Each structure stands twice: as C-alpha cells, then as structure tokens.
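Each of the next two complexes has chain A plus one more chain, namely chain B in the first and chain C in the second.
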Partner chain A sequence: MRLVMVIDQSKCLGCKSCVVACNIENSIETNNNWTEVFDMVSGQFPNYHREFVPRPCNHCSKPPCVDICPTKASQKDKLTGTVQIDQKRCTGCRYCMSACPYKVRVFNWKKPGKVLNENPASPKRPKGTTEKCTFCFHKTGKEIFDAKKEGRKHRVEYNAKDAVLPACVEKCVGKSRIFGDLDDPDSFVSRLLSKNQYKVLLKSKGTKPNVFYIN
Partner chain B sequence: MEKNFETRPSVKYMENLSPGYIFWVAILLAFICGGIYAYINQFVHGLATTGLNDKIVWGLYIQNFAFFVGLSAGGVMVASLVYVLKQEQFQPIARIAEVVALICILMASMSIFVDLGNPKNFLFILSNFKSPIAYDVLIINVYTLICCLYIYFDTRVDFVALKDKFPGRKLLYTLLSLGRSKTDEKTLRKEKRIFTFIAFLALPAAFLLHSITAWVFGLVGAVPGWSQSIIAPIFIVSAMISGTALITVIIIIFKAVTKANIKNEVISKLGLIMACLIPIDLFFIVSEKLTGLYVKTEAIHHETVATVIGHLAAPFWFEVIAGLIIPLILLVIIRKNNLRPAWIVGLSAVLILAGVLAKRWSIVISSLYYNPMQYPDVSYTPTLNEIMIIGGIWSFGALLFTLAMKFFPFMKLQDKKA
Partner chain C sequence: MSISRREFLGITGAAVGTTLLGQAGYNLLQPGQVYYFKKGLEIKEWKKGICRYCGTGCGLKMGIGANGEFVAIKGWEDYPVNFGTLCPKGLTLCHVVETEERAEDCLLRQPDGTFKKISLDEATNIAAEKLNTAIAKDKDSVALYLGAQLFTEEIYLGNKLFKGVIGTNNVESNARLCMASAVTGFLTTFGIDEPIGNYADIDTADCIFLIGSNAAEMHPPLFGRIMWNRSKNKNVTIISADPRYTPTAAHADIWLPFLPGSDLYLMNAMTYVILNEGLYDQKFIDDHVQFAIGGAGGYAFTDKQHQAMRNFLKGTRFHRPAEYKKLFDNKKGYPADFEMFKEFISAYKPENVEKITGVKAKTIYKTTRIFAKSKRTVTLWTMGPNQRTSGTWCNNMMYNLHLLTGKIGTPGNAAMSLTGQSNACGGVRESGSLAHLLPAHRSVKNKKHRQEIEKVWEVPAGSISPKVGLHTVKLFDSLGSKVKVLYIACSNPAQTMPNLDKYIKKMKSRNVFIIVQDIFGPKNNDGFHNRTPELADLFIPCSFWAEKGGVFGCSERRSCYTTKALKNRANLKADWELFKMVAEKMGHGKYFEKYKTTEDIWDEYRACSYGRDVDLSGASYEHMLKYGGAQWPIPRENEGIKDGDTKIRCNTQYDRHLQRLLKKGEIDQKLIPADNIYFYGQHKKGPKKKWGKAKVFLRPGTPPAEEVDNLFPLSLTTGRVVQHWHTGTMTMRVPSLKKMVPECFIEINELDAKKYGDIKDGDPVLITSKRGSLEIKARVINTKQRDLTNIPGRASIVREGVVFVPFFDSSKLINIVTNASVDAKSKQPEYKVCAVNIKKV
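And then the complex of A and B:
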C-alpha cells in the first residue's frame, strides 16, 4: 500500500480550512501548523499569476528525515508507506528538521498548551520532540491495521461512502485534496494521475514525494 | 633517579594556593552555577527558552559543539607533532595539548547534550547507523577513551613519582595511576610501546572525529550551505588552526602563571604553524565561495551570495579579515631578535579563535536561513538562557584546566628512558 495525496490546485480557494481542520483533528495550537497553504504570486498586475499550494507532509518514498534520524524515531511505515514519528524514541536533536527540504516538521519547543475541545483520539505530543503531518495516521492507519488483523481486504477509496480520510481531505471545501492508495490501480488517485499531468515539490532533491499536484 | 628528579622542572606551583587562584576558581564556579540554573530552566520549560525556531533549528549549542570538537582535534594534532613527527622541541607543550584535547571533547559532549529537547531518550541515539549523528556520537566516545589512555600512559610514571613527593595526596595519585606503581625498566619499556601505539592511533582518530562532525552537516542535502564536498577539509584546517591557537593562548598564560620552562622559540614556532595553516584555510574558502558565486546553480548560488555579500555576511568577513588576514600579517611581519614576540603570537591566536567561532556561526547557523519554500523569513538571536548555558560549559572547561594545574604534571618530571 502506498498512501498518497493528490492536490487539484484548480479547485483550491486558499481558504485554509484544511489547516483549521488539521489543527482541530490533531489538537494543535495555531503556531505549530502541520499543514500550510502557500499563496504564490508571480508577475505584476494585470499580468500576473496567482496559485495556492497546499502543503502537507510529502511522505516521501526516499525520505531524508528517516535516513538521518539517529534514534530511528522517524520511520517509514511498511504497511501504509507513510513517514511516521515514534515520539517515544525521539530525543529532540532536530536533525530531521534540517534534513527535510520542505521544512515540514515542527518542534514542541514547550509543553503543548491546552486546546479547546481537545480531540481525545489525537496523538500525544511530548515536550521536546519533533512532529509533523501524519496523514491522520490515528484514523486512516487504524482502519488499515484493523482490517489486516481481521484478515479482510481493505481498500482506501476516496469516493467510497464510508471512507476514512485525513481531516484536511474530509473538510476541503473545494474537494481539492484527494487521498488514496497509489498501489491500487483502480483507486481514484491512480486514475487521476494516469489521466493528468502532475508535478511534485522540489523534484531536484530526489526525495520522491508522494504528494502530487495537478492543475 | 631521585637526584635526577631534583634537576627536573619545579613542581612548586602545584603546592600553594594564591589568592588570585582562589578568586579565579570562585568566578568560574559562579559561572558554572549560572549555567546549571539556566539548564534546569531549559529542562523545565523546554527549548522555548532558546532563540531557535522551526526553521533555524540549530544555534549557539551546535556552533560551540563544532568549535570544541575542532579545538580538541587540533590539540591532538599539536601533541602528535612530538610523538608522530618527532619534533622534540615541542615536548614541553605536548601534555598541555593532550589535556586540552580531553577537556575540549568533554565540553563538546556537554554542548551537544544540552541541545537535546528530550534528553531522556538519549540512549536511543545509537540505533540507526545510516545517520551521521550516530557515527559522531560513536567516534566522540572512542576518541575520549583514546585521549584518556594517551594521557594515562604518558603520565603514569610521574603520578607515581608525585605520590612520593606529596604524601598528602597519596590517594589521588594512586587513583590517577589506577593503582599501578611499578617503575622497573621492563614495565616502562612496555608502557612506552603502548604509548607510541596510542599516539599513532590518536592522530587518525582526531582526523576522523572532525571529518565525521563535518559530515553531520555535509550529508544534509536540504541545506545547500552544508552539503558541499569541501566541508570536511575546511573543518580539518580550521580545527588545526584553532587548536594550535588555543594551545598557544593557554601556554602563554601557563608560562606567565607558573614560570614554567617553555622557551620563546616554541611559542614562535607555534606562530609559524598558524602562519602556514592560514593560507591553506584561505585557499579553501576562496575555492568554496568562488564556485558558489560563479556557478549559478540556484540553491548554492543563492546561499553563497547571502553569506558573502548578503544580509548574513558579517560573520564571514569577520572571519576572513580579523580571523585570518590580520593574524597572518602580524605573524609574518613582526619579528624581534629573529623571533615572533609572545604577545604578537598570543594576540594572533586570540583573533584566530574569535574568527573560527565566527566561521562556525557562518557555517552552522547562517546556512539554515536558506528558505526554498515560501515561508515567512525568520531569524535567530541567542537568548540570555542559551548564553548562560554556553558560558557555564566554557567555565567548566576552564575550571578543569585550572584544577589540573594543581595536581597534573604538565612538565615531564623524568625521562621514561631513565
């Protein structure tokens, strides 16, 4: 399984409701956003181009943060193909933060403050450890692990009625964020990527990101 | 042997405690207490007490870590002048260099430890051998062990001799010599062989130590200021320069305080070593920056422009002008009785140390300002808490050396061949 996100930039309004949804789901204060939406403007009015670039963690296929982590706290999850951090091992050296070309990772510089209506399912966030977007592993990953334990076949399908999706995908107003399994040739993301031209962020860094942008 | 002992350098300075000495130790202890307080503060409130942020993740601690590692490796390189390159004239300073190397590597370990956000997971740090940091921690430990053995096999005989000289400190010297008090010829010859082996081992270990520290930065592809193939040679040369400079400063102070028999020729020669290393460093700097400025591959060009003519240029030019060019001119031009005067060599050494510290800032911290995505620009200024912790570590190192002056035989008491 290889969980990926496809972002249809033509449908992104730049409303940042994904950022809010993420913060609510994972009980994060606003200064520690796990996802961002960049507002990129090039040129001068009236000849200008403006695009919104939502940025979750890229969950790279060749993640430099995993190679570089001395404690093996950053790991590539074998079942889902996502990059996850084991907070119980992280010693807070912040080496991975410098190694990430996208600067996705954030650090708990102090003990995380209380958030209104804290989500009880959200992951624990100890002081002095690194964290980042997990593709809502506590929801999506749990579903996949449960299915594996019970021995039933599980498909991550964006269009399915009972699909378990990351919070940002669920709450995206323009349905710009699309989530699925790229190893499954029938999935919506596979079909999207075979039909459309796509690009990834900072391709030259050789990290093979798993977040694809179509326009 | 007893007769021989008396003609050897005086150990008088080890006996009495002058008011100045006590005052100096008290100042250092005060700074150490300040550092401990600041660390407790950081431990309780997290790294939010530092000026770091999510984009500039490493600051004063790692800058000083790289600096101390360089000083330590440089110290071993100076000591190996005597035992590997057989330059017997440097014999009187070899032990000071060894001890400084050991103290500096301890300071380096401390400054990397205070940088950790979650120190209770520290022991996991050796689990991934794909990570340069794991190798760095490993080599630091091996190197510290080598430094200890180096000092032990060099000074054990003198510890035994001092046990007779100061009956009141019998326990201390028995501990330092690990209870071995044999001084017959066979043991000495055997120890001399072990010592020579360790002296030869220490030199590659010092090179490896500083190269791996350079590769901790050099293997991070996401930071163009770090991931350059020349980074290890640059680190090695500045380690040699700064190590020599620190030992020069310490020797000048040591000589002034203890009236030890260190000839001015030796200090002048140390000046010569620094004057020879500075052009090599300048050469590396020019070849690095010239490539970055001329080749307009986006990332590295952007980075070099920022650190050479942009808003991050101050530490770079301080390093080049105050840390390299001025000392070079001073060391080459000024002569008196065909020797470089000690104060000129000392002044140059201090300038070089400040320059290398600025260079570490330029490499470690300025490189992290690179921002390929569209994040808002951030900057880093150390907080008082950070400065207090680093001040504590500096004082701890100074205190160790100050205390060592009272019990450690820095001047060889007797020849091992005897």
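And then the complex of A and C:
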C-alpha cells in the first residue's frame, strides 16, 4: 500500500483553509505548521503567472530523514507506506530536520496543544521532539488497520462513501487536494496520475516523493 | 525550502491525457468534516447555523456537548450555498466565541477620561436618561448606527425604537459603506432592490465575469463553486477585472488590469464592442429595455458626473444647454432612445480608452466577445464598483451589458453584487435600517407605508417622521452639532470611516454622548485596540452570534436561521434585549412587551412583509432549518413546501410575487412577453409601452473624486485579506489566523518601488494623502523570485501606479488616508480610489 496525495494546482485558491484545518486537527502550535501553501509569482505585467504550491510532507519512498535517524524513531510505516515518527524514541537531535530537503519537519519547543484547543483524537507528542505531517495517521492509519483486522475494504479513498481522509483534504475549499492508495489501480489517485501530467518537488534529490502536482 | 522554479516546473511524469477530473466529477458532499475544539468531550447534538462573517452566508453545524459546551464545528453538508465547505475564518469561529478578551462589564467614562465599572441596570438607566434628555429638545438629535452583522430581529427592534417610538429617522447602518450603491443600482435599473438571479447560476454559466471582486479571498466557498464548474465544463471562461493580480485573477483565463477609477470607461468600451459587432439581442431589447439618462431618482449626480454628461451632450443633436438643469430636475429626465445610446457609445471605441483604462484594446475586444457569445453569463462584483463616487453608475453599467445581450432572468444568466457582510441584505436592506427605509422595502417618504408600519408596530398614528434621516457620512459630520447622542451597536466606525482623523475628533467631542454595544470592550489584555469602544462614553457588553440566535440574509436573497445553540456568557444580554431594556427605562415598555423571544420579532416582521416584493411570510424558523434557508419571495401559502421559494425573480416561471400579481390581475397577462420575463419593478412608470421594462442608462465615463497628480501620483485602493474579517476585532483573536497575517502592509509594484526611493520588501514606507499620513511595512513581490519561500502575510501584485493596503489592522489605520467623498445618489464613500504619495522612511 502506498498512500499518496495528488494536488490539483488549478483549483487551489490559496485560502490556507488546509493549514488551519491541519492545525486544529493535530493540535499544532501556530509556529509549527505541518503544511504550508507557497505563493509563487513570475512573469511581467500584464502576463503574470501565479501559482499556489500547497506542501504537506512528501512521505518519500526513499526518505533521507529515516536513513539519518540515529534512534530509528523515524520509520517508514509498512502498512500505509507513510513516514511516521515514534515520539517515544525521538531524542530531539534534529538530524532529520537538516536531512529533509523539503524542510517539512518542525521541532516542539513547547508541549503541543497549548495554543489551540486540543483535538482529543490527535496524536500525543511530548515536548522536545520533532514532528511533521502524518497524513493524519490517527485517522487514516487507524481506519486501514481496523479494516484489515475486520477483513473489510478500507475507506481511505477519495470519493468513497464515508471516506476517511486527512483534514487538509476534507477541508479544501477548492477540492484541490486528492488522497488515496496508489498501489490500488482502481483508486481515484491512480486513475488521475495515469491520465495526467504530473510534477513532484525536487525530483533531482532522488527521494521519490509521494505528493504529486497536476495542473 | 530552496527549490528552483525550473526544477519544480520542468519535471513531468506520466503520459499526457485528458483530465479525469472532468469526467469523474467531484464529490461535493465530503462526510465527516468535524473539527474538535475541546478535549475529551462528546458531541451530544449538532445544531445548525449560518457563519458569522461574510455575505456568502455559508451554513455550518455546531457540535454541542452535554453541558452546552461548543465542542466542534463543521460545514452544513447539504446547505445549498457552501455544500459543506468552510473558509479558514468560519472554521475557527470557536476561538472568537471563547476568547478571554470578551467584555463582561458595563463601563462609564468619568470626567478624567477613565472608565468606571457599573451594573447593567445603571448602564441602561444612563442610556435611557441621555436619550430622553436629548429627545426632549429635539428628536433628531439622537441617532442609531447599526452593524450589518446583527441579526435581522435585532436590527428590526432597534429600528422600531428609533423610527417608531422616538420618531427620528436617524437610523443608519454600516452597510451604507459597503453596498448602498448596489441598492441604488438595482433601484434605478429595475425599480426593485436585490438580485434577479442566485448563486446556482454560477454552476451552469459558461462565462463568469468578476469585476472589482476578489472572490477567491473574500468569498472562498463561492469561488470554489466557480472552480468546480470549470472542472466539469472545459468551456467555462473566468474573466477577472481588477487592478491587482489577486488569486482570483491568477485563476482567471483573462485578467483585465484596469486603473482604479476607470471602470466606467472599460464597461462603456465593452458596450461599444457589443453594439458595433452586433452582439446585442434585438428581440430582448424590444421586449424588455427602455433607454434613459438620469430622470429616475432625480438630480443625483456629482459635479464631475454633470461635467461628463455635458461634455457628451455637447457634440450631439441632443445638446440643449438652456434646458439642461430643468431636464434633470424633472422626474421624466432627458428623453433617450437606442439611436441616442448608439451615438453616445461611439465615443468609447476600445482604442480610444486604452490610455485611460490601461487595458489593451485587443483584450477588451476578446473579453467582450466571450462575454456576449457565451450561452450563459454571470457577472459578479463586490466593493470595487460599489465603493466609488460613481458607484450607482457602475452598477447600472453592469446591467447594461446583461440587458443589451439578453443575459438576465433565466437560469445561468445573472448579474449580482456580492455583499460583504453577513446580514447587509437581510437585516439592513430588507428590514429597512437605513435613513430612508422602513421594513420590507417600504419608504419613510410614502404615507401609506408609514401608516402600515405604524399599525404593525402598534405605535400612535403619525409617530414615524416623513423626513429622511442623516446618511452615514453626514451623520458623523453632524456629531456634536446636530447629533448629541449616538447609539452604536456592533460596528466599528472609529476604524472604518473614511478620512478617519476628522471623524475620530468628532467622536471624541464633549458635545456628543456615545453609547457602544459590542462584544469587545475598551480594555484589552492583548494590546489590541477596539477603536470604537475606546471612544465610548458608555459601554455595554452583549452576547455573540449563536449565543442569541436569529436570522441572516445573504447576497442571493436567502435567509436562514442560526439556532441559539450556545450558552450565554455570565450576565450578557443579546442586543435586542438591550434595546428592549433601554426602551423600558425610557418609559416605552408597552411597545416592547410582546417580544419575549427572537421568534416573536421574526414572526411580526415576516408577517408585515406579506404582499411585498420581499415576501418572507412563509419563512418560519422551522422551514428555514428544514430546507436550508429560504429565498424570498416566499409567500405564507408556501410555508413548509420544498422549493416554495424563488430562485429567479422577474420570471413568471419562478417568481412567486410576480405570479401573485398576475393572479390578482394587478399585471395583465397580456403584457408578459413570450420569454416570461417581466421587470415588474418598472411597471406603470411612464407611457404604456415602457411598462415593465428595465432601464439601460447612458453613463459617460467619469473620473474618481480625487485624481492622481504630480504631488500625489499613486492611486490607493483598500480592501481585505482572506484571513481577516473587516476591522480584525474577531479574527485577530484567532491564533492561527493572526499568525498568518499579523499586520497590515502596503503592496507596491516592483517598478514603483524602484521609482520611489528603492523600496525593498519589508521597508517601512510613509503613505501620504491630502488628509493624513501613515507608516506601513512595504510588500514588494519579486517576480523573478526563484525560491519557494514562505512569507508570513500574503500579498498580491498591484499594477504600476497603484498601491493597496488592507484595513483590518487596528494599530495602522489606513482610513486616515482615504477619501470621504460620496456617491450623489447612494451616499457611499469612495474607499477604492484616492491619490497618495509614498516615501521610504
């Protein structure tokens, strides 16, 4: 299984609802946004080109943060194919933060959940550890695990009935974020990527990112 | 993250193919968008409501815990406006409800300028005493200034206290500053207020023309609908006319970067192309259009508009200088016809106005052809055309484009002004809280209307004054002289009035007693300024939004009820309860005894709208919650019937009011043309052949009140950003929103930045106009930037010669700089254009 996110840039309004949704869902301190929306402008008057680039964690297939972690706190989750941090093992050395070419990782200087009211379901993270986007593992990961245990089909699929999706995907006003399993040839993301041109961030770094941009 | 642009853009993966998105379609109803605010609390029930912020009017659901706690929020999945989506402001409403900065004490200003804590009983006593003392001398020395974010019921009750019981028409609302021109635009063209179409037209239109509207930031769920429409239908063209390269312009297929204040020239040039290339609909014009100059509404032109009109008439066979003034004074106005209109428009060849508008003629031709040739076209505008000294004219011009091409009154064809505030349409326009209005589109000047409302209000005959009250700018001009007591509820004029310094001085004057009702008080621990409460002589705290419950009416004539879902804080009272208390203390308790709940007020109001064009009599609380609001006209016979409301007005197939008029025989069935469209607002005005015909006005291009010159070479335009709502009193209390845009900025074009002293991004800049100056941080977007760097606070690119400043920041009051000139008809000030100079500090 390989959970991926496809971002349709033509529909991103740049309103940052996803950032706010992520902050609330994961009880993130406001300085430590897990996802960002970059705003790039180029060209000359009157032919400007403006592009919004939403950026969650890329959950790379060859993640440098996992390779560098001295305590094996950063791991590639076998079930979902995402990169997760075992907060109990993290010693806060922050090697991973320097290894990540996308700079998605942030450090918990304070105990999270102090600034915004906490979501009871959000993962507990102690002070002094690194953290990052989990693709809402407490929702999606749990659903996949439960489904496997119960022997049913999981609902981590865009457009499925009662779908379980990351907060940013659910909350996107322009419906620009799309989420699903790329290993499943019938999933919405597989069909999208087979029919569209796509881009990834920093292909040259060889990290094989799992967030794809279409236009 | 350092990623080069080339690296990002140059990489492509799979094969090229058709986009699947279009075929598969989108699942609009995403389940489970629940956002928890409270730890470990179970949600006992979901209660429905309408978002507190903008005029889109999104539906939401509040998750309430066992003890009445506000636990979670989510979009109302099947609400026909937002279909379950919420923008970042709506998503974080809980933080505003629960912030520790909420005021809880009544405060009275002492002679030394400090505040003393008093009880609510004392506060209402003082308010009543001050009002009574002033009224004893002169009824018109008191005034009420309301926010268009109060519920309709509260506005209705405040209106009754001042207009019905006290007997003064000095009741104004801050909606005067945001949509008065839209009202006069509708009234002059169609003879009735509020839009013909609705939001659903956006979903089926082929061309969406946005002018002076940054919907992607200001009405995100609505712009989301535009994007979904385009994703399903590849033929959809989005056109954005805006001096700034906003997110809306970035998503548009065509951007028309016109110079601020040249909108009339631009639209006249578009009309030229329509007429010259024969893109107009002759049948529609014959059936539904009459041509006019000024007549309707009398002599309401500014000097500059008169000058423009004279200049046009001079060269034509309609030149009658001796009669000019007389013809405009007279109700009938200048005679006009299609031939005259053609002659008039011939001066606006796109090539001729290229220099004035700053838009290439080629682009105007292309845009107009798409506009006119598309099967279904929707035009949306917001404050750009409204906040202008030619606001009414701009609105007329938009309808001209639609009327000439016959694109109005049918599904998918609409032209409407998107309101800024949640209840500007519902509370202010419909329930009549402006100086010349009475509830349900009635006028204070009309004797029959006054009598009807006196009966409804159960006040003695003759209580309502026939004299039109003071409009907002005049009201604040009269502070201390004519007006001695000003009662402000739920508005922040000390930050939003144009030419602010002048009005702050007036508000500080000892000759005026200011009563302020707000959720935020003058004293704050977070260092934030609540400008109006700071100037209050008497401050009364009140409850907020879902703590009181009531009805909001949004831009598309849809009203919906917000449940009283939240527990009231401590001793706070709702605004309507406070109005009632003050009235009781003034000795007018008997007129307010019958109002025990908001539903009592609503039921009285909707009953009095029966038979009017704004017929809300079928919209009971229950009906609105069941069917996701109701679009008026909805007569009481249709209460409880699904789709018993009106999607499109002025079309006999849809409009419940028009159907009723036909049934009653007030309009003869024979008058209705084959396409079922009949603009009944213009019925019985003028000779018979003009009955039921909308007006196409000749509106010559007019410059703004203040033009750029050598001393002040730049145009300033103001507005909002997506994260902050109006004056920021609410959204600046939400940590995640405040973090994103912590302070205001001035957007400057790269070329201007170089020209005016090599200004770099982040430099402090002094912005000066004839009225005042202010130091703000510069935001210069580098278009050659190659990195994806994140800038806290967002900005768009302005075109050369223009600067933009948002007005949410209470520590940097940009309105010190703006111009207080008003539109002659709508009395709306020109926030959108004034001449400024900038200097690096």
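Assume the second predicted complex is superposed on the first by the 209 of 215 C-alpha atoms of A that agree within 3 Å, B and C clash if a C-alpha of one lies under 4 Å from a C-alpha of the other, contacts with A are read in each partner's own complex, and residues count from 1 in each chain.
Simple rule for what comes next: contacts are C-beta pairs under 8 Å (C-beta built on N, C-alpha and C of every residue); 3 or more make two chains touch, one makes a residue touch a chain.
Just so we're clear, the structure is a prediction, and the values are computed from it rather than from any experiment.
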Next item on the list: Go through the superposed model and pick first if A:67 touches only chain B, second if only chain C, both, or neither.
Entry: first
Next item on the list: Check whether A:108 is in contact with chain B, with chain C, with both or with neither, and answer first, second, both or neither.
Entry: first
Notebook entry, point to check: Between chain B (first) and chain C (second), which, if any, makes contact with A:34: first, second, both or neither?
Noted result: neither
Margin query: Going by the contact rule set out at the top, does A:202 touch chain B (first), chain C (second), both, or neither?
Written below: both
Next item on the list: Give one of first, second, both or neither to describe whether A:129 is in contact with chain B, with chain C, with both, or with none.
Entry: first
Item checked: Partner chain in contact with A:55 - chain B first, chain C second, else both or neither -> both
Note to self: Applying the document's definition of touch, where does A:179 land relative to chain B and chain C: first, second, both, or neither?
What the structure shows: neither
Next item on the list: Classify the contacts of A:91 with the two partner chains as first (chain B alone), second (chain C alone), both, or neither.
Entry: first
Next item on the list: Decide which partner touches more residues of chain A, taking chain B and chain C as the two options.
Entry: C
Margin query: Quick check on the output: what are the common chain A residues between the chain B footprint and the chain C footprint?
Written below: 36, 38-40, 53, 55, 101-103, 201-202
Check: Which positions of chain C touch chain A when the two form their complex?
Finding: 1, 3, 5, 7-9, 11-21, 24, 26-27, 30-33, 35-41, 85-88, 91-92, 94-95, 98, 216-217, 220-221, 223-224, 227-228, 231, 245, 247, 249-251, 255, 257, 360, 722-723, 735-740, 749, 781, 783-785, 788-791, 794, 797, 799-800
Next item on the list: Would you tell me which residues of chain B are touching chain A in their complex?
Entry: 45-48, 50, 52-55, 57-58, 115-119, 121-122, 124-128, 130-134, 137, 216, 219-223, 226, 368, 371-375
Check: For the complex, which residues does chain A have touching chain B?
Finding: 32, 36, 38-40, 53, 55, 64, 67-73, 88-95, 97-103, 105-111, 126-129, 201-202, 205-206
Next item on the list: Spell out the part of chain A that touches chain C in their complex, as residue ranges.
Entry: 8, 10-11, 13-17, 19-21, 23-25, 30-31, 36, 38-46, 48-53, 55, 101-103, 113, 115-121, 158-159, 161-165, 167, 170-175, 188, 191-204, 212, 214
